[in-house]
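Chain nomenclature is as follows: A, B, C and D, assigned in order of appearance, with residue numbering initiated at 1 for each chain independently.
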Amino acid sequence: MNYKEIFEQISEELRDFDEIGQVATYIPALAKANPNKFGMYLVTEEGHEYDHGDIHENFSIQSISKVLSLVYAFKLVGTDLWRRVGVEPSGSPFNSLVQLEYEQGIPRNPLINAGAIVVCDILVSQLDNPYQEFIEFVRKLSGNPSIDYCEETAQSEKECGFKNNAHINLMKSYGNIENDVDEVLDLYFHLCSIEMSCKDLAQTFMFLARSGKNPLNNERILTAQETKRINAIMLLCGFYDEAGEFAFKVGLPGKSGVGGGIVAIYPDQYSIAVWSPGLNSKGNSSKGIKALELFTTITQSNVFGPTPLFDELEYD
Amino acid sequence: MNYKEIFEQISEELRDFDEIGQVATYIPALAKANPNKFGMYLVTEEGHEYDHGDIHENFSIQSISKVLSLVYAFKLVGTDLWRRVGVEPSGSPFNSLVQLEYEQGIPRNPLINAGAIVVCDILVSQLDNPYQEFIEFVRKLSGNPSIDYCEETAQSEKECGFKNNAHINLMKSYGNIENDVDEVLDLYFHLCSIEMSCKDLAQTFMFLARSGKNPLNNERILTAQETKRINAIMLLCGFYDEAGEFAFKVGLPGKSGVGGGIVAIYPDQYSIAVWSPGLNSKGNSSKGIKALELFTTITQSNVFGPTPLFDELEYD
Amino acid sequence: MNYKEIFEQISEELRDFDEIGQVATYIPALAKANPNKFGMYLVTEEGHEYDHGDIHENFSIQSISKVLSLVYAFKLVGTDLWRRVGVEPSGSPFNSLVQLEYEQGIPRNPLINAGAIVVCDILVSQLDNPYQEFIEFVRKLSGNPSIDYCEETAQSEKECGFKNNAHINLMKSYGNIENDVDEVLDLYFHLCSIEMSCKDLAQTFMFLARSGKNPLNNERILTAQETKRINAIMLLCGFYDEAGEFAFKVGLPGKSGVGGGIVAIYPDQYSIAVWSPGLNSKGNSSKGIKALELFTTITQSNVFGPTPLFDELEYD
Amino acid sequence: MNYKEIFEQISEELRDFDEIGQVATYIPALAKANPNKFGMYLVTEEGHEYDHGDIHENFSIQSISKVLSLVYAFKLVGTDLWRRVGVEPSGSPFNSLVQLEYEQGIPRNPLINAGAIVVCDILVSQLDNPYQEFIEFVRKLSGNPSIDYCEETAQSEKECGFKNNAHINLMKSYGNIENDVDEVLDLYFHLCSIEMSCKDLAQTFMFLARSGKNPLNNERILTAQETKRINAIMLLCGFYDEAGEFAFKVGLPGKSGVGGGIVAIYPDQYSIAVWSPGLNSKGNSSKGIKALELFTTITQSNVFGPTPLFDELEYD
């Protein structure tokens, strides 16, 4: 079986998938998403691409952007980053504020909201024009110069962003925020608002499967060592309170967003993105996780099992 | 370079390693460990074995046994296990009791104390003679019929086991313990007391690198699917509050114990055990982690990076 | 109006009281209580007594005994007591265990379970025969030599006392329990099981209204200073998570138990006990609180308002 | 002994008091306070006044204003207030944010910061000009038309008010803040900045000793019933994590502020204010508490003991 056939099989198996969950409703931009949308896009090390469904339509990548801002800040400040944010999973979400208090304003990891806010604070400190420089970075990774923030989404996020406001103020009280809180949050809300297609998303994350090199121009984004760090963080912290479940079912480093997108990579082999706006009770795309589970089961590409013979999966 | 040369290089690099940490002191059996002991043992898929240092000396495997009891209970009750214990990392240890309260007596995962106690409760319910049957299970995996509990250690653990007593009573109050608390704790403390050598330990865990098959007789212990589940849990939950750090530095599923032992596996390739009794501030063997970090860096066998060419590492 | 007329008026007003709540059901001895029972008993400084309803029937005083064990331990060890238990209200009950962890095994006050367990530990350390000596103490205060523990209740408490077991083990892990946990808990469960009538209860607490002197024989139980300490603790900590509500509605130092009893005192004037087994959502007697609210409103005897003219309330 | 002699005795006893503590340093306006300042002022029901020391000097009343804003909001919205803020003590301060999360944005009581912020939100909703109307209210109670906010202090509070910002945003996320968070916080910080003398403070709180009537003009501020509610809240919640200690040592409803002021009342008898800027480890005036302890011990006016013969304490 090759990737093309595998996509067909998954599509077939998911035809009657009915645990599609609920789209996020806390902001209008997400609430209006069509829950029946579904796309899947695979980019391989060899540069082959495989797709299925709604792969050109843009959606809000939301928390997925936390990986990209983390990578950018990591490039800028290196391991100094870890003095301001941890690398450990965060446990259940109920105590995010108490954990911040207990750990003196140091977020557990850069993929929870508090951690991503610290990352934004670093970008604000380090960059002359963080908005412009960050989106250029994303455009270069994706190869798509039209990728952009969605102002409407950013504005909506801001209007209901009281909990993020509580987090940043608490961190500021501990001295872990350097800049004005409103300025940092504005960047944070913009990062959440970035829109991409499945195709863009798979392409954008491919450098994490390539030991840190952008596949489009072989530019080194991160060292091989740094790339492993990011991948480890994604596997341990990328799926809210469902990391263990995802690690078992899918078994790849990845990241999800409440817009229904998920991206995952297999080192040295591929990057895969799925999109389906319905979320399960943990806030991850319900159909998206199922599709990835089928994909890694069929291809046997789960980092907790034997390495598959990827060559045989490529379309000739 | 082959494994033999790699072990020599690691030994060389660690000659002056001086962040050796402190041996555990809460019970006499651990406190009397010699901090200068150091052993490393590797078993490969092909059945080759490589060793270095104090590899025949027995030490207390402590929490490492939590993986073995988990595997045994999983064999016995299958996925019913997950109704009584979660699979998610637990966050910082400060709130273990409040988390149990918040989650109504369901421990976050089977490798924290509370979770391992639930696993013991299952063994007590399911087995006629849990002590005998469990140690026989370990002996068969290791191929060493002389492996046993250490009564002195078990007794010491019991005498200072008030926090475990608090955990089991809290879980009992939520109905998640079926048997008498003293009976369950007695098994739990015995499991912590098992003693093995590095050689035994590497051998015992090799089935997790072989998709669930005991290398000694090809008996299936777990299905390939179940094995991935265990490996995922080890990677996410096997190193107390240092899982993220270990995932990055070493990048393998594994488990440590406060006796200074660590075991880790690379799917389809090898099982490796190290032993050095000095612990870092997180309770993991300080030199042991360094040795494994060097090993996976040299062999490039980190699941978050490219798959290495293992064939070239074998000694001919 | 005098006390006799006041009792008649309260009885009249409560005739149709229908928020009678639920009797406690976690042990059989409490579950079988008749929710329609109601008694009220008042003892004055002058030694007059006034009663209404079921005042001779015994009921389980439960947590009310925590005040008596506190007084006894305070007599024995004086202010050393405050090195092992605090005097501050405990906030909401959800985090009793985390609070014990945060405060290193020191309970917030002696009227929460953890605090009362520490008090029992002191009694076990200080007395040759704590069971006998304690019940003698209660008998002397009450003037009733037939007051006793209820073995059936004590046994039932023990059989479902896992949460108390969790608390004592956690405190033991911090070194705040000197004796064997089972021995201390056995005393604790026996204290909860003491049975009295309303008459006994009002009489027993009268010394707290008399600056520490037993009204029956003028024996000094506590100094005037120590008595204020106990009264302050009762007012701040005597009603679980309803202290503020009780302080406002009733405005007297007091203590309730899940058996439906409540006792309260007005310094220098009176001791009053009520009993009605139905509990409100906070675990306090629903009708009992209402009766006391009416009583202190009619008599204007609330420590947060003007001192009433008690002389006029006495019976002819 | 009469009040005049009592003040002299207290003054004598405190001559060598050396546990004077530290002045608050988080804002310049407080940090520059002279730790040797000390004043005491008593106003009686009969309208007599007794003073000692620095009683005309203004200081920042800080949290003491929380009682006044509570009274004002209670006048405006009545018992509806209790749907938005509780009346129970808050336990230890370490978990203020987690408690807010656990209780869905409802603060435990109106004298902790979060509760006082909700009270400010009510004032902003209910009043056309909350700044002006509130300060007029305070001026009328005190009889001093020159009492005012300190803009410098308010500004300093704002500049370091990140934790309050965290609290209000968290409450806003639960829907318990109606107005713009910056607008509410601005009022809150201004309330903290009010400056008074000991004389003003004792006078201002005298209505709480008079069942709710302003002594200056007999205007009813609160009903007798409402006044008891406020007094009960002060006793249970007025001294941060030292309520139990204060209730025992002083035994009166009262409130302290980090500016070193404390005010307390005895129902139907008197209002007393002390000021000494050095704070103990719980944030209450160290010498102030000692002075009040001496005062209520000498006058025997502790609500947990017998009612004293106040007539004999009045001056000639």
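Following the convention adopted for this analysis, a contact is a pair of C-beta atoms (placed from the backbone, for glycine too) under 8 Å apart; a residue touches a chain by one contact, two chains touch by 3 or more.
Please read all numbers here as calculations on a predicted model, not as lab measurements.
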**Any chain in contact with chain A as well as chain D** = none
**Message:** Quick check for the class: compute each chain's Cα centroid; which one is farthest from the centroid of chain A?
**Reply:** C
**Prompt:** How would the chain A/chain B interface be labelled, same or different, where same requires over half of its residue numbers to be shared?
**Reply:** same
**Message:** Please tell me the distance, in whole Å, between the geometric centres of chain A and chain B computed from their C-alpha atoms.
**Reply:** 31
**Prompt:** Where the centres are mean C-alpha positions, what is the separation of chain B from chain D, in Å?
**Reply:** 57
**Request:** List, in ascending order, every residue of chain C touching at least 2 other chains.
**Result:** 94-95, 98
**Complete:** chain A residues touching chain D in their complex are 94-95, 97-98, 101, 160, 162-163, 165-167, 169-170, 172-173, 181
**Prompt:** What residues of chain A sit close enough to touch chain B in their complex?
**Reply:** 86-92, 94-95, 98-99, 102-103, 108-109, 211, 224, 227-229, 231-233, 235-237, 241-245, 247-248, 251, 253, 267-268, 302-307
